[in-house]
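In the two assemblies presented below, subunit A is common to both, partnered first by subunit B and then by subunit C.
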Partner chain A sequence: MSITAEQAAGLAAKSRSGVTEVEAYGNKLGLWSMWVAFAALALGLPMGLFQAAERSGFFPGIENTAVYFASTSTHGVLLAFVLTTFFAMGWGHHTLAHVLKKKPFFGWTSFWVALTGTVIAAVPLLTGYASVLYTFYPPEMGHPAFYLGATLLVVGSWFWVADMIIGMTQWRKENPGKPVPLVAFMHVMTALLWGWTSMGVASEAVFQLLPMAFGISATIDPGLARTLFSWTLHAIVYFWLMPAYIAMYMIVSKEAGGKLFSDEFARIAFVMLFIFSVPIGFHHLYVDPMQAAGWKLLHMFGTIMVAVPTFLTGFTVLASMEIAGRLRGGKGLFGWIGALDWGNPLVLAGGLSLLMLTAGGWGGVLNAAYTWDVMVHNTQWITGHFHLIFGGTTVIMYLAAAYWLWPRITGNALFSRKLAVTQLWLYFIGMVTLTAPWHVLGLVGQPRRVSSTPYDAFPELVASWSVYEALMIVGGVILVISGFMFIYNLLMTHFNKVPAADTKVEYAVAIHEPMRVPNILNSLSFWNWAMLAYMIVSYGYPILQFAFIGTPGSIRWGT
Partner chain B sequence: MTPEEEKKVLASSPVGTWVVMATYGVIFVVTWLAMYGLFLSRGPVH
Partner chain C sequence: MATIHIDPLEKRWIWMVGGMVVIFYAVQIYYAAVHNLHPPSNVEVIDSAKLHLSEEFAEDKLGVKQEADGSYTVTMVAARYGFYPQEISVPANTPIKLRIASFDVLHGVHVPFSNMNTMVVPGYVSEVHTQFVKEGDFPMICNEYCGLGHDYMYSKLHVTGAKS
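Moving on, here comes the complex of A and B:
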C-alpha cells in the first residue's frame, strides 16, 4: 500500500495543475502519519468494547483480569498517545508544507522514531507485560521495553515540535510584520504546548521509570512520579483537543459556507489554552497526600480558567456557523441552524462535537472543584467524562478532518459522503449511549480501574448497575461499527479512481482579515517566558520538595 | 443573495449565537449548582 513521493505528486496532479516538491513531501508525510493514527483507532476501538463487555459480568466466558488490564492499557496508549500524536504530527507537517511552504527539517525522522517507539511499546502491551494503564503510575511497573518505546514516541514527537517552531520562525523572518497564517499559528501553538507538557512525563520516564525498569534503581518515589505525570496529564487533553478546535475554526467555518467570525479571537483562545492548560495538573492529585492544599487551590483556579478559551472557541465557531447559515438564507434568531448544510460531514461533525463539548465541558468544570472531585475521583464518572471529551468531542473532529484532508492529499474524491454522514451520526449516538450511563454509574458509586464488580455483600446495588452496563455495551457496538465504516471509507478514498473535484488546501478566512496582529499574538517568545514563570510558580516547590523532605517510606530522589 | 445583503450579514452581530451562549451559560451555572446541592449534601464518599 506504500506510495512513493513521485506517486503522491502524480496522484495529486490528477485533479490539479500539480503540487510543489514541498507540498508532495507534506502530503506523503501527512498521509502516512495519519494512517498510523487511524490504524491505532481501528485497533483500539474493539478493545474498548471488550472491556465494557468483560466488566459487565454478563459474559462469564470472557472474564479474565489479566486480559482486561492488558487490553485497557493497550486501548489507552493506542488512542490517547498514538492516535493523537500521529494525527497532530501529520496535520502539522502537512500545514507546514502547504500553508507556510516549508519543508519540515526533520520530517520523516520524527515519523520513524515515533513509529519505532510505538512498535517497541506495543510488544509488552499486547503480551501482558505492561498492564499498567496509560497513566502507568508507579509503583506498578511494566516491562522496560514499554517505557523505552513510550519515550521514543515522545522523542519522535519532539522532532515535529522542532519542525513547527523552525518553520514558523523562518516564515516570520521572510515575511516581517505579516501575521502568521492562522491555521499555522494554531498548529505551532499545539506543538509548543506538547513540547512543554511532555517534559513532565519525559522526566518521569528518564529519571524514574527507566532506571527502575532496567534495575538501575531499587526504589521509586510514586509521589514524585505522580507529580511529574500531572505536569503532562492535563495539558495532554488540550494537545488532543487543539487539532479538533483547529478543524472547527478553520475547516467547519469554511465548509459551512461562511467566514471565520474573528481571527483575533481564535489566536487569543489558542494562546490562553497554551498558557492555562499546563500548570494546572494538580486537579489530578486532589486526593493525593503529597501535595499541600494551597498548591491544589492554585491549580484549581487555573483549571477553571481553561473554561474561558473553551467558551471563546464555542462562541467563535458557532458565530461563524451562524454567519454561514444567514448567508445561505437563514432568517430569524435560529433560522440559520436549519439553513446549514447538515449533509456536509464537516458541518455535521462540528455541530455534534460542540454538542458533546457542552456536556463534557460542564462535567469538566464540575471536576475542577476540589469538593466535587473528592466525591467522584475514583468512580466511573471520570472515565465517562474523559471519554466524552476525548473520544467524543475530539475524535469526531479528527474523523471529519480526515474526510476533508484525504481528497486533498491523495487527489481522489471522497468515496462516499453519505457513508461519512451516517458514520458520524452513528459515532455520536454510540458515544452518547456509552458515556451517559458511564457518568451515572460513577454517581451511584461504581469504582473505576476495576475489571469486575464482585461486591457480593451488595447484590441489589450490583444488580441496579446492569441496565447501565447493558447500554454501555450497546454504545460500544455502535462505536465499533462506526469506526470500521470510517476506515472503510478512508481506504476506498485512498484507492478511488475518481479524481477529487476540489483539492485546494484553503482554510477559512476571517470576516476582517487582519493586515497586522499584535506581536504578542504572532510570536512565541513572550508565551514561552510566561509559561516558564507560571511553571516555576506552580510546579517549582511541589517538585523540589521531594529533594528536601521526600515521601515517607521512600528513598529520596537522586539518592 | 445580493452583494449588499451579503455585506449586511457579514457586518451584523451573531445574535443567535449570543442567545445560545447566554442560555447555555445559565443552564451551565444552574445545573452546576444543582449537582452540588444534590450530591455534596450527602457528604464525602468513604
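Moving on, here comes the complex of A and C:
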C-alpha cells in the first residue's frame, strides 16, 4: 500500500502513540458529536418518564397539559433528531478518519451548524412556544425559531453527508478496483440515505413552514405538507436503524469471537435498505384524505419489501454469532447460544437487540398492511411499536457501540464492564415493560398524543387502561435508571486513568473476504439514479397533484 | 465483472423471505379485490373557512341520513374541540358512509374496536365506508394532536340493534 503525503505528515504528528493526525481529528470530532447525542438521551429519558406519569392521571399534582405537550415535543426532537443525527455523524466521521484514512472535508462545520440549530430550536421548545410535536402539524404554527433551528440541524447534517461521499470517492480513486471497506460503505450508504430522506422535510420547511412562520405566505396546504413530511418520515427510521445494524454486523460479530458470515450479503442488505426505505412514506398517510388508494397500495408493496434487508441482516448477524459460538465449543442446534460470552456488553446488546427487532419487526409487517393500520392508526400501538424498534432495538446498539468506541477514542479502559452488562439488561427489561402494555393500550383504543384521557362518558373504557399505564411507568423508571448508569459509565471512562488494553479500531472481517465486488455494490451512482427513478414514480404525481386540485389554503392557528 | 459469493444457506433463506413477501402481497390483494377493503382516499377539496356556508356541511345539514338503498350517510364537522353533532346513532351491520370536514386544524377520528379511523385534514373532505359490527356506545375520539384542548375532543356514537 502506498502512503500519501497527507498520511506521512499524519504519521509524523502523532498525538497519542500510534494515532495519526487524521485519526486524532476523527477521534475528537466523533467523541464530541457522540457526547452531544448522549446528552440528548440523558435529557430526553426523564421527559419520557414524566409523560407516562402525567398521562396516567395517577399523580394529580403533576398534571399540566401545556407542560406535557412542550415535553413531548422536546422529547421527540431530542431523541429522534438530535441523538440520532449526532450519533450517525460522529461515528461516520470517525470511520472516515480511521478506516478510509480521510480527513473530513467539512468536519467541524457540520458539527457547529447542527449544534447551533439544535440550540436555536431548543429555546422555543423548552419555553412552550413550539408545542407542535416533532412532526410539525401545520396549519398550527410554533415560533419561527423552532423551524429555523430544525432546518439548521438538517443543513449541518448535509455537510456530513457531503464529507462521507467525498471521502469514499477519493478512496476509490486512490484504490481502483478495490472494494470499499464494508464498514465505510455502510456508513456512506447511511449518509446517502439521509441526504435523500431529509429533502422531504427540508422542502416542507423551506417552501411551506418558514414562509408562513415569517409571515411571507398567508395560507398553507396541510395536505402537501403531510405528503412532503411522509417522504422523510419512514426513511428517517432507517437512518436511525442503519448505524445499529452496522454495530451488529461490524462489532458484534467480531466481539463474539467469530467472523462475518458474508461481506457481499451485508452490502446487498444496505443497498436494499437504501432503495426501499425512501419511496414508501405513504404508509403514514393510509387514512389521509388527500392521496388516492392506488398510490397507497403501491407504497404498501414497497413497505413490505423493506422487510427483506432486515431478514437478510438477521440471518447474517445470527449466522456470524453461531460461528463464534461453535468456535467457542458450542454443540448442537442451540448449544452455541450458551457458549457465547454474554458477559461481553457488545454480544449481550446484539442478542437483546435482535430479540426486540424480531418482536418489533413483525409488528412493523402488520402495520404495513392498511387493513390492519386503520385499526391502530394514531393509537398507542404505534408509539409502542416505534419505541420498541427505535428506543429498544436501535438505541441499545448505540449504547453498546459507545462502550466499544469510547476506549478506542479516548485511550482509556472502559470504567466497568459489569456495570455495562447490568445497564444493558435493565435497558432491555425496562423497554419490554414499557412497550408491551403500550401496544395493548392501542388495541383497546387509547389514542396517542393525549396528555390525559378525560372521556368521562366512558368510565369503564378509561378504567380498563389503568393497569397498562401503571406498568408503563415501571418500565419508564427502569429505563431512566439504566440511562443514567450508561452516562455515568461513559463519563468515568472518559476520565479513567487506566489505559485501555486494546485501542485498535478493527472491525469484523468476512469468512470469504472479497478481493473484488461488482461495481454496483461498491459505488453510489447507480443507486442515486435508481432512487431518482423510484421517487419520481412513487412521489411524482402525488406531489404534482397539489398544483391543480385547487385546495383552498388554510390560515395559521396557534396551539 | 466480479461475481459474488452466495452460500447455499443464504440461497435457501432468500427463497423463504421471497415466499413470505409473496404471501403478504397475496393477502392484501385478496382483501382489496374480494372484500373491497380500501383506505379512505377520496381526494376531494373543500374550503375549511367556509364550511358554514357550504351545501353539505352547514350546521343544519349535519347528522345521520338514511339513503334510498337502506345505507346511511353521516355528515360531521370536526372543530376545536369537538365533533358535531356531538351524539349520533346508527344501526349495526349496515353500510355507513361518514363524511367529515375540519373547520380549523388537523384532527383525526377513531372509534375504538373498529376500523373507523381517518385523518381530517383542513382543505379536504374525509370519507370512510364501514359497518359497525358491535352494538353499544362508543367514543369517537380525536386521535390527532389539534391544540392544548385536544384531550377533551370526543363525541358519542350509539350503535343500535339492526333496524326492524
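The rule we apply is simple: the second predicted complex is superposed on the first by the 533 of 559 C-alpha atoms of A that agree within 3 Å, B and C clash if a C-alpha of one lies under 4 Å from a C-alpha of the other, contacts with A are read in each partner's own complex, and residues count from 1 in each chain.
Here is the rule we go by: a contact is a pair of C-beta atoms (placed from the backbone, for glycine too) under 8 Å apart; a residue touches a chain by one contact, two chains touch by 3 or more.
Quick caveat, the model's predicted, so the values are computed rather than measured.
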| item | value |
| --- | --- |
| When both partners are placed on the shared chain, which of subunit B and subunit C touches more of subunit A | C |
| Which of subunit B and subunit C A:I337 touches, first, second, both or neither | first |
| Touching partner for A:W362 - first (subunit B), second (subunit C), both, neither | first |
| First (subunit B), second (subunit C), both or neither touched by A:L318 | first |
| Subunit B versus subunit C as contact partner of A:P518, first or second or both or neither | second |
| Partner chain in contact with A:T65 - subunit B first, subunit C second, else both or neither | second |
| Touching partner for A:G329 - first (subunit B), second (subunit C), both, neither | first |
| A:K259 touches, of subunit B and subunit C: first, second, both or neither? | first |
| Contacts of A:K418 with subunit B and subunit C, given as first, second, both or neither | neither |
| Touching both subunit C and subunit B, counted on subunit A across the two superposed complexes | 261, 311, 315, 319, 365, 371, 374-375, 379, 445 |
| Subunit C-touching residues of subunit A, taken from the complex the two chains share | 65-66, 69, 131, 133, 137, 139-140, 221-223, 226, 261-262, 264-265, 285-293, 296-297, 300-301, 304-305, 307-308, 311-312, 315, 319, 365, 368-371, 373-375, 377-379, 444-445, 447-455, 457-458, 461, 512, 514-519, 521, 545, 549-555, 557-559 |
| Parts of subunit B lying in touch with subunit A, wherever the complex brings them together | 1, 6, 9-10, 12, 14-17, 19-21, 24-25, 28, 31-32, 35-36, 39-40, 44-45 |
| Subunit A partner contacts - residues on subunit C that touch it in the complex | 1-7, 9-10, 13, 17, 20-21, 24-25, 27-28, 31-32, 37-50, 104-106, 108, 110, 112-115, 117-127, 137-139, 141-148, 150-152, 154, 156 |
| Contact set on subunit A toward subunit B in their complex | 259, 261, 311, 314-315, 318-319, 322-323, 326-327, 329, 333-334, 336-337, 358, 362, 365-366, 371-372, 374-376, 379, 443, 445, 511 |
